[in-house]
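Dropping the structures in below, format is structure tokens.
In the two complexes below, chain A is the common chain; its partner is chain B in one and chain C in the other.
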Partner chain A sequence: MAADQGTLTVGRSRIGTFFANFGGVVFSIVMFFPVYWVLVTSFKPQTEWSSFTPTFIPEAPTLDNFTSAFNAPNFKASLVNGIVVTAVAVLFSLIIGFLAALAVARFRFYGRRAIILVVLAVQLVPFVALLIPIFLMLQSAELTGDSIIGVTLVYVVLLLPYTVWTLRGFIAGIPRELDEAAMIDGCTRAQVFWRVILPLTGPGLVATSVYGFIQAWNEFIIINTLNDPEHQNLMAWLMQNQTSRGTYWGPLMAGAIITSIPVVIFFLAVQRNIASGLTAGAVKG
Partner chain B sequence: MRHGKYPFIIGFLAVPVALYAIFVVAAYIQTFQLAFTSWSGFGPITYVGFDNFVKLADDPLFKKSLLHNGYLLILLPIVTIALALVFAFLLNVGGGSKGGMTRGVWGSKFYRVIFFFPQLMALAIVAVIFGRVFASDKSGMLNGLFPDSWAPWLFLADERWALTCILAVLVWQAVGFYVVLFSAGMGSIEHEVYEAAALDGATRVTLFFRITVPLLWNTIQTGWIYLGIAAFDAFALVNIMTVDRGGPDGATSVLAMMIYRNTFEYSQVGYASALGVVLFFLTLTFAALTLRVTRREAV
Partner chain C sequence: MYAVETPPAPVQESPRPPVTRRRKRGTGKALPWLLAGPALALLAALLAYPMGRMIVLSFQDYGLKQLWSGATAPFAGLENYLDVLTDSAFWAVVRRTILFTAVSVLLTVLIGLGVALLMRRVGKTVRLMMIVAMMFVWALPALVQAQVFKMMTDSDVGVLNYLIDKLPGVDFQNHSWFFTPTQGWIVITSCVVWAGVPFLAITLNAGLTQVPKELLEAATVDGANAWQSFRAIIVPILKPLLVIVTTLSVIWNFGLFTQNWVMRDGKPEPEFQTLATYSYVQAFAQNKYGLGSAISVITVLLLLGAMAIYIRQMFKIGEVD
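Now for the complex of A and B:
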């Protein structure tokens, strides 16, 4: 039956199927080639990455670029700083964001709508517009320069809107009847939040933390403005090295690979959850 | 159930509200205040009334930047969403049907991972790579692909095409995320819907416009808002990639770039703040328009 109806269904035109497959392949090459190029270049010895005739596979693969990047000034400090700032900012934005999302999703109160709108509006306005006053404020509080507290606080503020918005969607998707059932069984309201809603928001927390991690890890404008070169992250380090050592492609690409590793690992680990997490948060009213 | 809800509300919202009061509300009040001064970042503050805004109106770079933001605001969402929809459709139902089941093109699971990689790459890295892709001599990847007899294309060094190159990079980075987002949405559309339409003789094109797009409308709107935000910013990329940061001759300047340079390079904090005020109202207008058009119920 299937064989007969095959002529009636979507794939009836083989040429169409061919073009669909062909399009998919071409598009993937466009998407992936630059990534591939970084990867390949990072393993090439200097004679190869500085040559005008490109090679698609390194002829004499080497790890020199990685050791060179790793021993470059400020690299290790930037690595440690980036990890600390990102981890702390994501953790705090998750805790604060989860509680705020609970308040907004589970209670009706005066000013609720205003809070949601302000949160949304902040997400819309480019942060550069706020960089001046925030810089002045944090500087007078002595939280810039060699202190990473200021930049961590700013990252928490940056990550909060998305966190609240996404988690609110998840919590709104949990039926209120569950809360009520648990309360009839003797749970206090706090226990309901801790034992019922928190576990059910799990996938949302994962999706949000991945998104937050990527945002904070990849940020460099703010940290570059607020902190001195010994107290920045790897992205800022990369950017500075791109301008100051412009043509050192090999070590630069190796640095790029090292900075991307945590994000890629994080992504591959939660790859299945991320799409559903994003849609749930985005679409559920 | 109302008993004792306010302790929770206050406890849960105290910290985020305080953070917002300090880092957003107070910061904006200060930006508005500084917009009416000629402050350089140091020394005494002098109020100059609306001088900064008058100066803005006469600044050709401001007009250019405004146009560039508008260009990105219109084209970035359209191009990205159109490409993402087409490829998400290919991944999900483009591979024809077998045994009465529609399916994605060959290798679609693999593609899904690949498409996400650009999203994971930091802008700093993306900018470095595309600097090589768009290099204006024969060492550039694109110029290297063209026949030897062609004169090298200037790309970022060409006033007419520089902004389009920036747009291309923004699309390249964003599109994978939306392919994944739309794929997830399409995955939740019942296969029977496609089967029924296909039995009625619908082609791929009909399926796409009559079933996929209408059923994904909500997700598309969300994507539109996110891409709009990206278009208002676009600063990081312009800052690293372009000739003379915003050049050549202001051809890629955007508002955020102007703010940054006026603050941290030209010591014109007052003028930069005035730009910040303009940017604030522009983004809010965009947000209000989008919310009105898409009209989310029960915000």
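Now for the complex of A and C:
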């Protein structure tokens, strides 16, 4: 009993626990299998991934699929482009969002509630629905095609609501007394910001920017609609690979691994904050 | 435990002179608007304005000619809406999207809740296994999730056909899962549910740790069975969390685009269209931007209708803050 502290003590029996553990193991295997399948397929030679009888452990593991993925058209351009677009979008949404979060969390002013509502409400609108007018707007401003300015702006706006909302939570968590103590000691508002709020929001800024990175990195519909194939990101490149090379599974899965690695690592690093950010409303309400 | 806030530091007595505060009042009025200004300007330019433009477009006949010449699109009145609403293909898409949303959300929430309860019942090692497996699934980009399912259900080399074929008396060699819409949608739904369970299970499991053990023990002492404890104690405590995760799942799944798009190679057949892909195809493949906008407007209205509860909750949050 003592071993499973934290477990519910309703109707437990030894047999019940056995079945629960068994169910947990089966569930884990079923969940993990597709992830495993991406991994092993990427190391299989063509004879193995293209056969009806699959090998569950590659018999002749090879890195050919990765070489093939690296050499696929537009890989390098998409990699560089994706990094630039993602990094710039995250940076701008962080700066702009942080200032707005500061206003909402630290000031009482007329219109504050309206801002909170707008930030929450825009998350309801499916972005694909807005893609038509946005495409027409950016097209006439000549920010599409071979320009990455348009798509970067769209990503900034895409990340902004979540950024404002999460950072608001982090700033609100800093006791006001700290601001006041600093002001008594002679700090100006600007100094309070630089010396108190900014350092204490550090972990929040990291978590928010990582989440923003994942969002922007994983996006491929908007960038594929707005930009030429030579000016897209890795995720859109992966989709092009699928449609142009069809069921060429080995190289495709190698490409999937290359594009996923950064987000998987970042995700695992901050997953606790992502879950709390998404359900923040439930606790507050 | 969800709260991102750090626990407030112990408040120490610091009687401060109110004088410094008074002085700040003058600049204080404009400062918050200056801080929020850039964010509001961006949201206005790339969210509010496009939203208005979308509504205007839905009343216009906007095609290729307008796109290339930049000429003003002719006013079309209600023509786009009439075209859409009298089109039986559109209604099939609406029905399909709603059915898919209902089934996938129900399955995701039920399985997520079941797994969360299971996680409380299993030993430490098994729980860790479950969390690790779910984390990897959750971390995968949606595009890759869809591609794996496409590969596993491939008619020639799919591992699923191989495994089913192993069953005695079943021939699944070269079975095509996307030949009939029902089977195709089973694959798409499985993918969406598989991808959605981790968020639900991990969030609800965290919520379950909030359930006081004493309450459950007291109920057992009073003779309640497991189901009664679940109904009378666990569900009410989890309810706010359940509402929010269900709402989020509805929003995400109603806007389904990636999975059916990827599994049909970017050209979904009519039977595999959802509202999101349908409006996208009308606009960007058929160059009927007005018609596509009308479909988008209807989609947003449908979603807002379904989200009425969530919106009320949001207003409450706005009041509390």
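The definition used in the following text is that the second predicted complex is superposed on the first by the 255 of 285 C-alpha atoms of A that agree within 3 Å, B and C clash if a C-alpha of one lies under 4 Å from a C-alpha of the other, contacts with A are read in each partner's own complex, and residues count from 1 in each chain.
We take it that contacts are C-beta pairs under 8 Å (C-beta built on N, C-alpha and C of every residue); 3 or more make two chains touch, one makes a residue touch a chain.
It should be emphasised that the depicted structure is a prediction, and the values quoted were computed from it without experimental measurement.
J.: If chain A is used to align the two complexes, do chain B and chain C fit next to each other or clash?
T.: Partners clash after overlay.
J.: Go through the superposed model and pick first if A:Ile116 touches only chain B, second if only chain C, both, or neither.
T.: Once the two structures are laid over each other on A, A:Ile116 reaches both partners.
J.: Given the superposition on chain A, which partner contacts more residues in chain A: chain B or chain C?
T.: Residues of chain A touched, chain B against chain C: more for C.
J.: Counting only touches as set out at the top, which of chain B and chain C does A:Leu238 meet: first, second, both, neither?
T.: The answer is both, since A:Leu238 touches chain B and chain C.
J.: Which of the two partners, first being chain B and second being chain C, lies in contact with A:Phe267: first, second, both, or neither?
T.: A:Phe267 sits against chain B and chain C alike.
J.: On the A-aligned overlay, A:Val35 touches which partner chain: chain B = first, chain C = second, or both, or neither?
T.: both
J.: Let me test your reading of the model: by the given contact rule, A:Pro199 touches which partner, first (chain B), second (chain C), both or neither?
T.: neither
J.: Using the superposition on chain A as set up above, list the residues of chain A that contact both chain B and chain C.
T.: The overlap between the chain B and chain C interfaces on chain A comprises residues 6, 8-12, 16-17, 20-21, 23-24, 27-28, 31-32, 34-35, 37-38, 52, 54, 96-97, 99-100, 102-103, 107, 109, 113, 115-118, 120-122, 124-126, 128-134, 136-137, 153-154, 156-157, 160, 164, 180, 183, 189, 217-218, 220-221, 225, 235, 238-239, 242, 249, 252-253, 256, 259-260, 263-264, 267-268, 271, 275-276, 278-279, 282-283, 285.
J.: Tell me, which parts of chain B touch chain A in their complex?
T.: 1, 4-6, 8-9, 11-13, 15-17, 19-20, 22-24, 26-28, 30-31, 34, 87, 90-91, 93-100, 102, 105-108, 111, 113-130, 132-133, 138-139, 141, 144, 172, 175-176, 180-181, 183-185, 188, 194-195, 198-199, 201-204, 207, 218-219, 222, 225, 228-229, 232-233, 235-236, 239-240, 255-256, 259-260, 263-264, 269, 272-273, 275-276, 279-280, 283-284, 286-287, 296-299
J.: Using the touch definition from the top, list the residues of chain A that touch chain B in their complex.
T.: 1-2, 5-6, 8-12, 14, 16-17, 20-21, 23-24, 27-28, 30-32, 34-35, 37-38, 52, 54, 96-97, 99-100, 102-103, 107, 109, 113, 115-134, 136-137, 153-154, 156-157, 160, 164, 180, 183, 189-190, 214, 217-218, 220-221, 225, 235-236, 238-239, 242, 249, 252-253, 256, 259-260, 263-264, 267-268, 271, 274-276, 278-279, 282-283, 285
J.: Sort out for me which residues of chain A touch chain C in the complex.
T.: Result: residues 3-4, 6-12, 16-17, 20-21, 23-25, 27-29, 31-32, 34-35, 37-38, 41, 49-54, 96-97, 99-100, 102-104, 107, 109, 111-113, 115-118, 120-122, 124-126, 128-137, 139-140, 153-154, 156-157, 160-161, 164, 166, 169-170, 172-175, 177-178, 180-181, 183-184, 189, 204, 217-218, 220-221, 225, 235, 238-239, 242-243, 246-247, 249, 252-253, 256, 259-260, 263-264, 267-268, 271, 273, 275-285 of chain A touch chain C.
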